[in-house]
């Protein structure tokens, strides 16, 4: 088997909490990402799912070194980038691009689409001359389904879907190998979402891209990803092959998530047995003892309150951090 | 607070010292003042000592409550400030209160009648207030006073003030107060009004205002209970901040209207390089700034549970 | 039985500097007691403006240009749109309530939950503060907020998103309204919380026999909630039918394509069928089918005139010259 | 020695029958009313020894001068009249080569607190205050004779005081006679305690502690608002009808910090007198009838405006030009004084040629050299000085260096900046490359006094009717002899390159010697020679004197405006017609 392109090991990101009126004092940490490990292989789509505050976005941002990790390793193509300085990071930055949730916020409103596309080409020295950059920009626009005459327009003249296409074109412009997709369609209408998702699928095929896909939409995750990691309060609770996990979820939280996601089919909806969780996600500042999920878990045992469960291997492509595995003897 | 005060005063002191010349320069070109006499004065004022020695001496005095000595007035700085602080407060508090009341009321009207004639009219007034230089307005008012004789031209008291009884004296000051207060108010309320308008318009667009309507609250309750209190919030920080300008914000107005306040004293001291008066005013400004922000924070905590309970 | 609420030929336009935005055109709908009508549509389809028009919460430069909203909950037929403004306050919150999309911003941050709850109760019911407070506590218990007595004293920021939406629902239902309008009430919430809230709303709706207008862009959510569904596109109703008909026998090409464009949790799909093109701009739209530019079944006629909303089958209305009749036998969702 | 004894006789003849009436003895007015004057700022102190600015001295004058000194000067005829001293003997030489004045003090004069004035007060004032080495004051510089002696006073009897110098000192009469007299019974305590600095701060007004011999005593001070004076109930003067002076019950100094407001207050009738600026004069003059005011001018003011060059400027090439008298004369020929008067003084100015004020009795126009505005003459002077022009018209010195220098003045003074521009324009026509840059006053003072880093400057000095007041400027070792400091005074002057022409030495001598001469005629000759030398060699090239301008209410009576200046010098006999 080939080497993974991304290997994250025991990644941690803590944010200090300060308090005080005149003198600020550190009173604790928000453990946004706590001991997260996974591997991603080439041409794979790896999904990070979970509810808001679970740490999926922080994980991605730390991997991109947009924020510095507190501890752990981030290996990209076999090299640990967790402590590289700006300069040494640059080639990795080029290889790793990101498409954000909100296309409006990520495009400079004062620059034309042409300028937005040409700038990174010249900065990363993908091309040598302005003419080449211009030609390449037009090529990119075509690739994402826009027209050459769009070059001279400004972002506000485009619809949401078109803006996201521009963001994709910009990400693709520097020939990346890994693209982080941070809820890339959640601001889009349903009728446009499919266009964008199909575009991602097409480029992955044609350009051998590896995707890190961050989403709370499990239907979308199922459709697009190969592997999925379910996060809860900064930790991965279940990880593995998408189909296996969606067909046979083991962690009660994964189960709850799946059962809570609506299905556009009234008959199925009416027959479904829902696991309705009580309460909401606890604060990441004061996480429960033992398994973080135990206060909401319908299957909790005494053990769950005391000790955080290890990762158990369910199958070759499926791991879960829950004592249920032992009980069921999988 | 203490380190801020220390750094700022040291900075001001160094800047004052870095400026060419000193307080005595104004006498150096006077043929009737001899070199020996100037030297005697230098020694007397401590100007012959190294800068840091002068600063530390002043600082030591400050700790014991001694603000230093004015070269120009040859009196303790605390006396000079003491006899003017009330005058400045009368003027600035009066116009402060009026600016805030007028600014908030007009801002609310302007926001509620958005894009109406009154909104546009008040906007024009506000921008006039912001744009017109204070000294120009002050001079305009002076001419108005002189031509119509309705208001006294300058000063805080009539020359016969000392012979008036309490009520007459109060009326006398009140009468003198109007023009300078108008100058300050006109420049001050406009910003507040625009700020209040903007803030209220923002709040009126908030979901909770719409939700209050949707649950059937009368418009009066929607505006005054749900919108207004939220709209005032950002102004409270400003309120605290502008409190700090109460003791020093009106140099030009005070000078033009001959109002016997601190602004004039400090301005003159700056020009004359009367360093300890400047230093004292710096100390006052810093303390006022810190106190103002503190008041702002306390008020904000009082009205906003999010701040209070965190 | 007469519907409790009938909307007739409602149009609401916004007079902007760039031109007139015809946000809602000629909308008709009926809502019965104990019935859930869903309105589905994308951003700018006019679904939200429709319900705000019913509440008369349209502000300048918007204007309700035509139509009637007949309310029958007070033993007579009343056109809400022609009531005086102060009369309107006795309809809002008491007869017709509304829940907004974002629970984080629907509550005033400066007042306690109890205050915001009791002020509504006092406004509409002839009770004193103490009674109102007790009714408030009861309502919080109804929406399953634990320690209701204590939580009355809390401020919104002390609540999580789900709890806030519960509080909003408590306020909306506190005066036992006959109609509840829910404008994307769970869009801002996480999926597990969404499930809780939807469950709760459904339960309460059944309990109070409220007529509910439920607005969403999420076909999954609407599938579990609505008895009847209105599909809106480009400020007009495109298809109106029972939930089953919409999902299993969609007749309008837009509905038909939309159902194929969304991924499904319960199936492994190879491909999503994307709808080409962009949603329409809403300024100065001509009177033709708004979906025509993106429609693969477009006829010449479609770009020239506006199809009527016709009842093609009983209780199944479609606005289309070329409906998808050949897929009658529920090909829309391939059954496995 | 023979010459001296002749002098002595002349002096005795001239002064010992001094039985003139006092000023105001012939006045005929109506008592009562209030007189309001405007002032730009309030007093800083009421202690004359400490006071340095007019805002303080104007207030002090009210209770210590105006009849409160031994002798006083008439503002129009400029003569000295008896005041507290009824008569005097001297000044006269004494047998030991010194000089004395015997003052006969008027009997029955009382301070404003009713305490009688005696010789003790006068002796105390001179010996214990003005000449006290522990109380530094600028008065000591004024009183010091040529060789650094200070006078001593001794009481002969209760009403006779003798003042004595070890050498003759001409100025003694005016300075000693004009000295303010302190009430010994109040001031002595402070002198003894060594805290005379703290005597009569402004707080003393409201404490009711001010005591004086002058006509009005300050009784109320509201900082930055007004000072109110009440008439001195024991003031000694009486008018022609035996009515005790002064006439006004009250005088008020109204403090108005803004000149525009001051003028409006005058037009509004809130103040009684006003000193208009040149720009306002014509306008006010037009309103004379409407406002019922008098608007008038009164001869040239003492203040001067001149251009000067630094003979010790750091660049030796430039030093050479500036020391060249032809260069300076050429500059003098290029000053268009008429256009300065027209454009900058609104016509209310007068050309100045002599270092002695035109209002001074020593002014002698006959001897003064005048370099009229004439660029051709200027060019001729330059040629005489060895200068030439290149093909572009640029002026070159005899070594071929282009003439190029910086002209400066203090920023913010509109008149000086205007004068600088007019002069710079003319000099450019002569082919000089002049760059004019105004700089901050304090920086300018540093350059002028401490570093010598300047080339050409336009400035002004205050003056008086007594030329000796400029000794600090004209003596070669003077601390304001800035165009050519002696290396002993300023360390930036190179002693090896110090250039002192004969005429400078002669002027120096005049300033050293004239004060030893008591014969006014001889002094007059001395200062004539001074004026001749200074105006010919022009180390300072004078430009224009502004005229003094006054406006006052027409109801004010007995306002007598003369060369001494001011509307208040005879305030005790002024009155108002209601």
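Order of writing sets the labels: A, B, C and D. Residues in every chain begin at 1.
Criterion: a contact is a pair of C-beta atoms (placed from the backbone, for glycine too) under 8 Å apart; a residue touches a chain by one contact, two chains touch by 3 or more.
What you see is a predicted model, and the numbers here were worked out from it, not measured in a lab.
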| item | value |
| --- | --- |
| Chain centre separation in whole Å, for chain B relative to chain A (CA means) | 53 |
| Gap in Å, rounded to a whole number, between the CA centres of chain D and chain C | 92 |
| Distance between chain centroids, defined by C-alpha means - chain A, chain D (Å) | 87 |
| Approximate Å spacing (C-alpha centroids) for the pair chain B, chain D | 40 |
| Multi-partner residues of chain A (at least 2 other chains) | none |
| Chain C residues counted as touching two or more neighbouring chains | none |
| Chain contact topology (line, ring, star, complete or other) | line |
| Pairs of chains satisfying the touch condition | A-C, B-C, B-D |
| Chain B residues within the chain C interface of the complex | 114-115, 206-208, 210-219, 221, 225-226, 229-230, 233, 303-306, 309 |
| Footprint of chain C on chain A - complex, ascending | 51-52, 159-162, 189-195, 197-198, 216-220, 222-224, 243, 246, 256-270, 274, 276-277, 280-281 |
| Contacting residues of chain C [partner chain B, same complex] | 55, 57, 60, 85-86, 89-94, 97-98, 100-102, 105-112, 119-120, 123-124, 155, 157-158, 168, 171-172 |
| Residues of chain C that touch chain A when the two form their complex | 42-43, 160-163, 190-196, 198-199, 217-224, 243-244, 247, 257-259, 261-266, 268-269, 271-276, 278-279, 294, 333 |
| Chain B contact footprint on chain D (complex, rising order) | 34, 36, 41, 44-45, 50, 52, 136-138, 140-142, 197, 201-203, 220, 222-226, 228, 252, 254-258, 260-262, 264-265, 267-268, 270, 440-443, 445-446, 448-449, 459, 461-463, 469-473, 479-480 |
